[in-house]
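By written order: A, B, C and D. Residues from 1 in each chain.
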Amino acid sequence: MLEITPLHYSLLSAALFMIGVIGVLVRRNVIIIFMSIELILNAVNINLVALSDQLQDLAGQVFVVFVIAVAAAEAAVGLGIIIAFYRNKETVNIDEIQIMRW
Amino acid sequence: MSNAADTPSLLSLILFTPLAGALVLLFVGSRQVDLIRWIANATAALGFLVSLPLWFLYDSTNPDWQFVEQMEWIPSIGAQYFLGVDGFSVLLILLTTMMGVIAVLSSWNAIQTRVKEYYIFLLMLQTGMIGAFVALDFLLFFLFWEVMLVPMYFLIGIWGSDNRLYSAIKFFLFTLVGSVIMLLGILAVYFYHQDVTGVYTFDITQFHELNIPYDLQWWIFLAFFLGFAVKVPMFPFHTWLPDAHTDAPTAGSVILAAVLLKMGTYGFIRFSLPILPEATQAFVPAVVLLSIIGIVYGALVAMAQRDWKRLVAYSSVSHMGMVMLGMFALTPVGITGSIVQQLNHGISTGALFLLVGVVYERRHTRMIAEYGGLSKIMPVYAAIFLIMTMSSIGLPTLNGFIGEVLILQGIFVVSKTWAFFAASGIVLGAAYMLWLYQRTMFGTVDNPKNENLPDVSLREFATFAPLLLLAVWIGLYPKPFLDRLETSVDKVMMRVNADYTPRFAVAAEGDADATEGAIAVVESAAGPIRGGAR
Amino acid sequence: MDLIWLIPLLPGLGAALNGLLGIRYFSKQTAGLVAVSTMAVAFVLSVIAFAGLLGLPEEERYHEVTVASWIPPIPLETANGIGSFEVPWAFVLDPLSGMMLLVVTGIGLLIHVYSVGYIDHEPRGGVARFFCYLNLFCFFMLILVLGSSFLVMFVGWEGVGLCSYLLIGYWYRKQSASDAGKKAFIVNRIGDWGFILGIFLVFFTFGTLDFRSVAEAAAGMPVEVGFGVLSLICLFLFIGATGKSAQIPLYVWLPDAMEGPTPVSALIHAATMVTAGVYMVCRNAVLFAHAPMVMEAVAWIGVLTAFMAATIGLVQTDIKRVLAYSTVSQLGYMFLATGVGAFAAGAFHLMTHAFFKALLFLGSGSVIHGMNEEQDMRRMGGLKPYMPTTFWTMAIGAVAIAGIPPLAGFFSKDEILYRTFLHSQVLWGIGALTAVMTAFYMFRLINMTFLGRYRGPEWGQPAGGEAAHGAGSHGDGGHDDGGHGHAWHGPHESPRTMTVPLMVLAVGAVFAGFIGVPAALGGSNVIEHFLEPSFTAFGAFHPAEEAHHLSHTAELGLMALSVLLAAGAILFAYRNYVRQPAAADEMARTFAGPHRVLTNKYYVDELYGATVVRGTMEGANGLWTVDQRVVDGAVNGTGWTTIFSSWVSHVLDKYVVDGLVNFVAWVCAEASYVFRRAQTGLIQNYAFATLLGVFAFVTWYLLAR
Amino acid sequence: MAEALLFYTLAALILGLGVMVVSARSAVHSVLFLVVNFLLVAVLYVTLNAEFVAVIQVLVYAGGIVVLYLFVVMLVNLKKAPERFSDPRRLARSGLLLGGVVLALIVVVVSSSLRAGMASEGTLSGFGTPFTSGNTEQLGWVLYTSYLIPFELASMLLLVAMIGAIVLAKRHLGD
């Protein structure tokens, strides 16, 4: 229990991931949903870094860099969409974004 | 292949110069019409200039393929980017590049709509035609063969006259059907080659050494025949030609007559004859019969025409019948004559179409009855027309005669009956051409619209000048042309006739007394039979 | 002599100069000067070359010059194994071509000089064009004459045909002129078709096209009894000759060719080009001598042509047409000579004929010129006082052609008749009858034109009468605008440039015969001995001697007979056309039927028109219809079939195949009403579903392990 | 021992802050919690010998991305749309429940599989490039050699995203 193994990191990661998922499922504010997604990505990163350290392989860290890059891109585009949407509909409530309804 | 070392990628250069010009044109605004015209003309001229070295560097004593370029293209099926030339293709390439210059130049005023697209298509067509002549890979050949179709289709379909869509579609479908069947033939050779050697290749030089069993040859010949005969065009596959010619813009007709039709005959001599020698011999009577029918039939139908361009188009059918006849004489004289006649046909019929184009540009009609008495109004035009008429009907000292006499002599030694009927074409040829000349040039100027037609301009004259020059050159001194054909003709002859002793072999054998022989040639040029070929 | 290739080249150069520069830049004088001077130099060179030839020993009088390669050797099988098809640009000077050379350049020069005067009424460009054509003609004619092989000769052969076409159609705005030109060319082409086939057969048989090699090879072959390959060659060649030399059945173009300017008729259609056929037959004398059957045919065709043309000539009223038929007739004579083996006599007659026929044509040109383009003899008469030089020179020509000694025609014609007599009395009979008719119609021409009463149109006095002249129907309006701008002041003598050549030719017509005085008259027949080597391949061939000879007395008797007959015909003509002008009409009425047939030239043109021309045109139109309906119809039919079947497919596709597809789609659509409720459009619902999936997966993972 | 203490502290804080991010009423608060969360994760990286990633985490995530969020939150007036959890169409409760269940399951799976892996092989280390702390240079080396093309592609991605964001956020195209 006192020795910190990758298991611990994985569990931490899983927990954080689940928090993010729940955020995505539960919240209606799109911005907060996006933030939850960032949490999910972070959870993944924790896992990657921990295993990278464990396996003595830099690939994990490299991927973290890429994940961060993708996250940045996602945030930029996503927030752009939100702004554009907000400008038209005056809302960021995800329940009102439902034009794909049947 | 020593010259290949000096000029490593001459053929590619020739091949892609027009295409490069077309690419440049893509980036020019379509409103800058003059700039487009200048670029197109410059490209065509450049294309001709880069092809000129072929004339000088081609070694007419060397029976090998020259200026060879070989690279992998689609390795998985054995297709290569394989270029090379022999005597046939050298002359035809030069004809192509020269006619390219002339066609582009002749379009200066004739084309006023979609100028940019027009020139791009024309230049693309140019690359397609050159490509078909230089390709030594069957698949590559086929590619270029098909590439030619598309620009021509658009040239007729967009810039043509009255019935252009009908003609364009007819041309396209007709040729396409032919080429699809030809493709089957190509694949048959391809798979047979693989069967025998285990190698997948489209290499024509390999195919030339292949001995295909007779039965298979027969079928492949039939497939090739349909593909090429449509293009030539031989009776009874000719009906697309008058329509296409009539409705195409002038430059299109010129290219069509001067170069595109040669694709068919070139196909025969490059593929059918050497790859399928036994079948060729078996088909001689049939092909000769169709050729003779074509000669007489084309001439007679030409006589009945009221449309100037259509008349020239039917005369093409007659002339191309002559070309096919010479080729299928399967004698060196006949084949040589056939190639020379191809050049001649390119020169004279090309010029005749240009001539129609000149008056069409002024009067916008092709009806012969609309003209008359032009000699008085356009004397220079009449003179050029006269010379080209004479060239077309084979007057000695002009080019047409050399071709006809070689072809007829070549066929005569094979069968007197064939020659007897084929030679009647010279009478009929004179009849319809002279009648045309009389109806358009002679008489009084009945039509007031014709009274103020300007004579040929300097630019128009520039399109005729090289053709006139060549007509006289080939007529008076065809030796440079015939020399370049020597080894290539012999190579084909060796394939179709196992007993044939090629001249280059004789030359190599008798190297010691070569100088002696040369002197003898000069001295006793009129002596009795001399052993040109022992 | 090595420079003989310059002789044709000079007129060629003149033609190029006049053609390229002259039409635009030269004045009339310059154009004429260029043409005349090149011909003059060519003539001088010819004389020098001829002198050189005379200087050689008899058996070496064959000088061949190869200028350049034309068709390089290409192997080709022949009857004797593999040969080599090769034709160089080579020219040859031997007695035969030497004689022709002098005739062509000499008479050509005179006619050029004459033309300077004749063509003066044409506009400037027209003059240069005329001289360009005329020079070009001489160029090709000289190539024809000098060519050392069949193919080079053929070059000239076709080339003169072209020039003939151009010159006949010189007044191209006149429909009849351009028709005549076309007719000449096409009829000639029919002959050429035979000629070229003959050439091919020569190559196939001998493996070479060189005249001398062929002759030498043929000399070694036996004379054919039946119809062998040599006979076939000769037949083909003779077809060529009938075209060019206007023999039955291809003579129809020559009378029409008179549409051309008169100097052209003189040079091309009397003196030189039309004799090319005779020349060609003489060139191949050795070949023909080996084909007796063809020789017989040649003789018969010759004599029949001579007879037929002479009969037509009897009733023609157009002065040039009379001469044209006379030419056809005389050419028939030459073929008769060659047909009976008297090649030298044929060639001799060719030469004398060139003199007097050119003279007659030029004379008639002078008359026409003086009569303001009037050609109908019925509107002439009594012109002698107005144009004395023309009258006297033409009279000499007529006497010469009629065969009155000691003028040129007598010697050559009697030589032919004598040799014919030796061969066959029937041929001789027809030939003699023709000679009588010749004398008759020539003097009919002279009498109608120069003697008797003037019947022509009135001419305007300097003060008035312009209107009367303007209404006159003279000429055919074939002239260019620059023609007769000035009023016509009555018949007048022609200018010097025209009369001087007439006089020179008259001298020739008188004296040319003396080089062929037969032995019976104490001469030695120089020309025959001179030409002999050309007909025997320089001794390689020994023609069979005629079986029987007539004594000199008998020969003299024949001569006297023909002279008497000719004199009688002349007197008869004088009676009919000068003394009692009504007598001619009387005769025409008496023999109305034959007269009509003759006036209409035996309806041969109509016959050809109805059969050959009409047949070809109908055939052409018919084939065109076939082409449109059947051949193209098949193509279009294929197209329509394709379109129709595609329409059927379309219907099938739309209602059957597509129906099935649409049915499936309809089923799906109906079913989807049930399921589409799930599409809430809310992302979180979807995410929840995803999470459910993860739950299911992980649960399954745990349980399955 | 100290290591374990540090880990547990950090883990607790990270998870706690995560919960705060998700559950905060105000989006501004959410963002602020998020920043702190990221910083703590960066600290965690440092303990895992990943200094470079940690720095990136601070600079890019905490410094860049989150500021972006903050801007957007400011731009979008939040007061207008108070959230209600009582919407019948929402799956808030069931989502929460399901999330918890799945988490539990994952914990079971992960811990058991990792345990099993370690039991069989002892340690998972032993392949890849061994590295020590202060490995930025090595990371750069790997990034610019083996991963050069993905790296370049990532830069392209960022460029595209940047342009995309500008286009999207622009008021009217063509202004």
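The definition used in the following text is that contacts are C-beta pairs under 8 Å (C-beta built on N, C-alpha and C of every residue); 3 or more make two chains touch, one makes a residue touch a chain.
All values reported here derive from a predicted model rather than from experimental measurement.
Participant: So which chain ends up closest to the centre of the protein, judged by Cα positions averaged per chain?
Facilitator: Of all chains shown, the one whose C-alpha centre lies nearest the global C-alpha mean is B.
Participant: Farthest from subunit D by Cα centre, which chain is it? Let me know.
Facilitator: Result for max centroid distance from subunit D is chain C.
Participant: If you tally the C-beta contacts for B-C and for C-D, which one comes out higher?
Facilitator: So, comparing the two chain pairs, more contacts are at B-C.
Participant: I'd like the Å distance between the centres of subunit B and subunit C, where a centre is the mean of that chain's Cα atoms.
Facilitator: 33
Participant: Distance between subunit C and subunit D based on Cα centroids, please, to the nearest Å.
Facilitator: Chain centroid spacing, subunit C to subunit D, equals 104 Å.
Participant: As a quick test, compute the distance in whole Å between the mean CA positions of subunit A and subunit D.
Facilitator: 6
Participant: For subunit A and subunit C, what's the span in angstrom between their mean Cα positions?
Facilitator: Measuring from centre to centre gives 101 Å for this pair.
Participant: Subunit C: which residues touch two or more other chains?
Facilitator: 680, 682, 684, 688, 691
Participant: Could you list which residues of subunit B touch at least two other chains?
Facilitator: Subunit B, residues with two or more chain partners: not present.
Participant: Can you list every residue of subunit D that touches 2 or more other chains, as numbers and ranges?
Facilitator: Residue numbers touching two or more other chains: 89-91, 95, 98-99, 102, 106.
Participant: Which two-chain combinations touch?
Facilitator: Every touching chain pair, ordered by label, is A-C, A-D, B-C, C-D.
Participant: Touching subunit C in the complex: which residues of subunit B?
Facilitator: So the residues of subunit B touching subunit C come out as 170, 173-174, 235-236, 238-240, 297, 300-305, 331-333, 336, 373, 375-376, 379, 383, 386, 390, 395-397, 401-402, 405-406, 408-410, 412-413, 416, 419-420, 423-424, 426-428, 430-431, 434-435, 438, 441-444, 476-479, 482-483, 486, 489, 501, 503, 521-522, 525-534.
Participant: Under the touch definition given earlier, write down the residues of subunit A that touch subunit C in their complex.
Facilitator: Touching subunit C from subunit A are residues 21, 24-26, 94-95, 97-102.
Participant: What residues on subunit D touch subunit A, complex-wise?
Facilitator: 1, 3-4, 7, 11, 14-15, 18-19, 21-22, 24, 27, 30-31, 34, 37-38, 41, 44-45, 48-50, 52-53, 56-57, 60-61, 64-65, 68-69, 72-73, 75-76, 78, 80-81, 83, 85, 87, 89-92, 95-96, 98-100, 102-103, 106-107, 110-111, 114-115, 118, 123-131, 135, 138-139, 142-143, 147, 150-151, 154-155, 157-158, 160-162, 164-169, 171
Participant: Quick check on the complex: what are the subunit C residues that touch subunit A?
Facilitator: Subunit C residues touching subunit A: 676-677, 679-684, 687-688, 691.
Participant: Would you tell me which residues of subunit D are touching subunit C in their complex?
Facilitator: Against subunit C, subunit D makes touches at 89-91, 94-95, 98-99, 101-102, 105-106, 108-109.
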